[in-house]
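Comments concern the structure below.
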């Protein structure tokens, strides 16, 4: 746009975007195993396949390096067929050996499918190269229904670059590590000992199987050029991709307002800024499902939040529509209920049952009743604790999340209107916030939840380690409030059911079973309100149609994927 | 031979009562201010902010009213600086937010000046080993980069409220004053009147409190004002960066919410929300600049008269 | 610093120049005379504009050394600066004229002509200890700055002249030119100041308290140098001091200032030997002396005037005067010149004149 | 009393001795600051791994992927008791080894610092020199025309700009030049499309991106220079040698040089000091303009609880200040002849 | 009342780029000031007059030698115990402006030591203001006029009187006047000198008068002793009139020769002595300290250090190998 020198690019042009998941660090190695690594998912970092943003099924994928895959029922074996024409940017073909090496490297990093803990749910037991383009991964005895997802998410790196990182006897060591006894422990140690070596490995240049390959990087941006060997090169339109760095959302807003970005990932945007973005030529918004919700979580070990009536009373007092309007008008919808599930997928999971759940519509009268039921007393227009001591709702949020700050302000204002003394306290940063939250320092704080599509992930946020349930060596245990990060401090059993137990079962359950469990947990959650779900996020992305067309439509399952994947799927066309 | 008393030196004089002195001082101050109208303006501005800090929150209900239908309303008669994200009057936010900011500034200034002056006086007056030790400490304080340290500290230490905030800012800021006061003390020490006081056997407290300090008063007062502004800016800046936890409204929080929450730099809607605290800071700066200009004359009896 | 080969200095005027090399050649113009007429200089103060010089009249004969003595605040420096039309703000010359031979009325000069007159025609020497030299530059560089500012074509010759002058004053010229100000002692700096005032052949030299900050022995040396250089170069010299002794040691003529007025002016020996103005008399009586009856010394009563305390009308000295008359409070005494001696005092005028004749200035 | 050229030889020795003293004191100071910062930094609450995990979740990554991406970080957390960590840190420091970054695992802190320092130096030097030149020039005017309208205007505006915090100026600049009148890029160091090196495109882009940070620096520090220069000029104007020079009939040009040179002398010391200070004080500007210098590095390292990086950034800032102090001191002995040869008279 | 023997003081100048440099300010000075007596120190700039004065007033410590006040040696006493002795000796500073605190009125300035005094002697509070008035009257100024004023509102002479009054608040037995009139206007100088003289006569305080102006020393201490200091050494000492009229040390003679002659009233002395070189601190410490500048030096002078001793043809002591009386001071001109 203004003041910029004309882009020195060919007919395909430069595609400018932002990688929301990382801050660009020009000194980081070009290595996808490095959390800061200078590789960009979907552009020069490829996985076997790309997850669809399904409402309920985590195992739906678009093909990536894997052209297709088959799985036995119960996901005991996954057979992956690689693209016959997949090649690295140096011209070498992508083979099963590359995948095997990548899996080997993944073992050094740990992870759900590739863990040396033989007993862990969903761990792979064997990796077999069937032929140059076919590879089979066998799941261990302790099955998980996310195994396929984990296998297909494998990031593939070239064996001829990374292979040397795996010592000669690596696979034998891996086998040994699956056993028990001192020899196995030694083998385990040997594998985890490789972790750092793999992370810090810095190849001299990018070798990519994706549509692009890294050309240059500086602290402000990374420049990728088209990979001529990419299997679907014909689908890839831009000659170059520029990934801009950012340190705050307001920078993305600025880029968007100046019409510079061809697409941008989800970004919280104030209404007024949205107006300006939309008014920039070519800018458009794509909205889709985003499996995240913001909630207000209670520490039930603190009085009076141990009392469900108090929590319900608060739920009756908060006008979620108003909060959403103030905090996240463009990227949020007020939560209908507190099912623990994002509104969109809740419909899919619960169907009719959703309507039967109490929506906690704003109702001060009911709130008063609930408060009275909890023994709270109202004096001089202000609610107090049952013993007459003052009651102050201290709502904690991290200062860096501006929408949460605004939401919390709005909530406290509403509570103040109803005679409940409330105010917002921020924490300096998110890391600190999490630390203090986990240490049980807060009564009430904001919490991210409803992380779909895996039903386990959804409820793990409510009935996982934050609420005392943890999986140790495949066995579920519960710690009392205040111990081992249990800051929610809810009861272990509610009306005879153990929500942690049920949540854990979601991992292994068949789809039908899952549906039942989800139903139970949603109901319990909505009644017990360990959190009050405030708004469900809407995946609001931005595109600019003045240089390219063919964007995924609203609600597309591809929306949460990087633009590099859209290109692979043949979506982005030259205008 | 008798002492000759020159007749002309005998003039009807005034009696040296304290009240008269004080009256003279204030009359002198008034005269200094009147000499340049800009100084009056400065005093008026500073007084306005002090009043705002003292009584501002009393002008409004404890919980500021909001208008759900006027989020980020543009400036109007009812809302001269518009409204914020919740529909609260921005002017009210500026007025009620002044207390936190100015209180911090004052606390910081008091600590900075008290610590700096005390240590500087001690070092300059006792020289020798005391001096060396204190000056090393001062060097250290001046060497440690302040803002970075504050950033780090803000995560370790919860600055709960303006007092704690002021304490920390004060502890990070006394070095400059200490060094300057020391060198002033060293030079004043050599002045005849300090030496005379020692020769007369006057106590150290008297010498420091009555002879040294008043001579440094303009300097200290000036530093105090500068420390106030410095603290206000540092604090507002930290809130703006979002590294300070907050639990109530103040200018820095407004800046932060306007820029990072409201997109004031990207769209004009939240601009008044951003500009109001910025204007408050500018105005306060102007006021203090103008007052500092008069400070030297106020404290110097020679410049005060006529 | 090397010795000056002279023995004890003689009485004024008794010097003869052994080394005649620096004596102005036959082509050199005669030394200029100075005629100050009704000079009023005012300073702007919070009380309004106050006169530091209240209508000074002074005639300096060419080729003389004239001393101007007076207490602090009597307007000596102001008068000296007026001769160069260089009264510093907040002061200004309100009226009057300063006629200098060869330059005309300097009060009317400004801009480049004024700048050129300074340094070339008028040399000014500052008090010693106050630094009149740029601390960052060597003396030599400052000399070159001076030369360039006045368009001297032959800078080498200028340097040569400077070295000669310094040598004449007992200094190692080359070494001094190569030094910074802080490397020189007070006496040396003062000599450098004199050199810079003279090196462009200025013929009227004004020295403002040239020895105040120096110790006794150095002061004696500098005074002798002033005397000798004055003689050798054929200058008109004005020396300002508050020390009657210093003035007496070197000057031919002496003007006594009080409260912005010249109250007495005449030959030094005469003014000292038979002071006519009560102020001069008091001043001389207040000097403790090395010989004679010490108890004869007595203080002048009252305190020296400042701009604010000067009487608005009448004689400036009236408040301290032992022979005050009624007329003194209302009428300012006009200066009366008798036999080359000017006195401004009603009492003296009324008393039997020192000499029969009277003449108006 | 007499000039002493023979004293110039021992002078270099004396300067060397003085430098030696400074260096020793500086090293002790560095050790103290290192220790203090170590203690503080290691007491910062917050778990970098958990923080990273939740941040990825917030960005929309699935919990499994986030888990995978952060698990590796555990290997980079410091281990051992605080004392062991401390002695280890000091030992490594002696070898100029600042350790490995946690947030960018496997990258040496030194590498990160070097790459960030580059970007801090550019605007700091540019901005400071710009403001110094401008401020000093106008300061001479303000000093000479002290009692005039222009002088008043210059000093009041100087005081105001000096008083207003950097971020206010930065925010206003950003609002004006990238939003209201978008002629400059809103952030970043240089457009990545250009091959780094001495080519026109790269340099132009470099200048474009640096303009706003440099201007903000310049504006924010300009006032200070005006004020300092003004008061320095006022002092020099009071010195007799200026009047003496005027009375010797020196031209206005020479007089101006006399005034300016003498007045600027003390400012050089401040200049050296402020250059050192700016290494740590660039935070606001770098944050506002997304300029990847040391300040931004520090902010990011705190956010990521990257202990090693935080310690490193802190150290660099401190060393810069100490070096600047020494430089200022030595500079003074070099440029001021009065100090150079020792006040003999 | 106070005697000193072998007082030495060496300053180490630090902070110099050239490292430390020693200045031997005093090199073994003996002196005695009798009760009610008047003693003057004269000498060139930098010869150590001020240093000696400050040591005597207890404001500076000396390196070696002994000071005895009223028979009590000071060296064994702790600084605390010394203080009451030295309080009897008050210094009058050279610069009456810096000697008064510009931020305090004269009343405040006088009150502080008087309050202390009242507390020590158990006098009532009303005594303080009364005494302040008395003292001001004693030094010849109108208390009513002066009390409420700040120092800058007074003339130099008045300020110096206030300084003297302040010194008198503690009823000192001795005043040390260090160049006390050099910054005061010519016309007022004498009145201050007269005041000091008068105080000595009326109150019996001893006077130590430090000056470079010998004529004022003569005025103040016509019956007292005169010490001539040169580079930290007493080179000549004797009754004031005797030293002035019959100087034997060439340095004393040079000092006296340098005094300007009031032509018209006086004629210069016949045998005026002009030193051959200016004072240089770096001159060798070997032999007679004045040798380098002395027109009468011999080889012996450059090797041996003469000590202060009496001599047969003079009534006073001197430190010179070639003592000779010379007529150097100006003589009264016959009218």
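Lettered A, B, C, D and E in written order, each chain numbered from 1.
The criterion applied here is as follows: contacts are C-beta pairs under 8 Å (C-beta built on N, C-alpha and C of every residue); 3 or more make two chains touch, one makes a residue touch a chain.
Quick caveat, the model's predicted, so the values are computed rather than measured.
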item: Interface ranked first by C-beta contact pairs; value: A-D
item: Label of the chain whose CA centroid is most distant from the centroid of subunit C; value: A
item: Distance from subunit B to subunit A - Cα centre to Cα centre, in angstrom; value: 48
item: Subunit C and subunit E, separation of their C-alpha mean positions in angstrom; value: 31
item: Inter-chain centre distance, subunit C versus subunit D - centres from mean C-alpha coordinates, in Å; value: 54
item: Shared-contact residues (touching 2 or more other chains) in subunit B; value: 4, 6, 9, 155, 243, 259, 265-267
item: Of all residues in subunit D, the ones touching two or more other chains; value: 1, 44-46, 178-179, 287, 299, 302, 341, 343
item: Numbers and ranges of subunit E residues touching at least 2 other chains; value: 158, 191, 194, 278
item: Subunit C to subunit E touching residues, read off their complex; value: 1-4, 6-12, 71-72, 185, 187, 215-221, 223, 242-246, 248-249, 268-273, 282-284, 286-292, 294, 297-304, 306
item: Subunit C-touching residues of subunit E, taken from the complex the two chains share; value: 44-45, 155-158, 185-191, 193-194, 212-216, 218-219, 222, 244-245, 254-279, 329-333, 335
item: Complex interface listing, subunit B residues touching subunit D; value: 38, 139-140, 142-149, 151-153, 155-156, 229, 233, 236-237, 240-241, 243, 255, 259, 264-267, 271, 274, 278, 281-282, 285-286, 288-289, 292-293
item: Residue numbers on subunit A that touch subunit D, as the complex places them; value: 1-5, 7-9, 14, 20-21, 23, 25-29, 33-36, 51, 58, 106, 109-112, 146, 149-150, 153, 195-196, 199-202, 216-223, 240, 242, 244-248, 251, 254-255, 257-258, 265-266, 290, 292, 400-401, 429-432, 434-436, 438, 448, 451, 454, 457, 460, 539, 560
item: Of subunit D, residues touching subunit C in the complex; value: 1-4, 147, 239-241, 243-251, 254, 258, 261-262, 265, 336-338, 341, 343-345
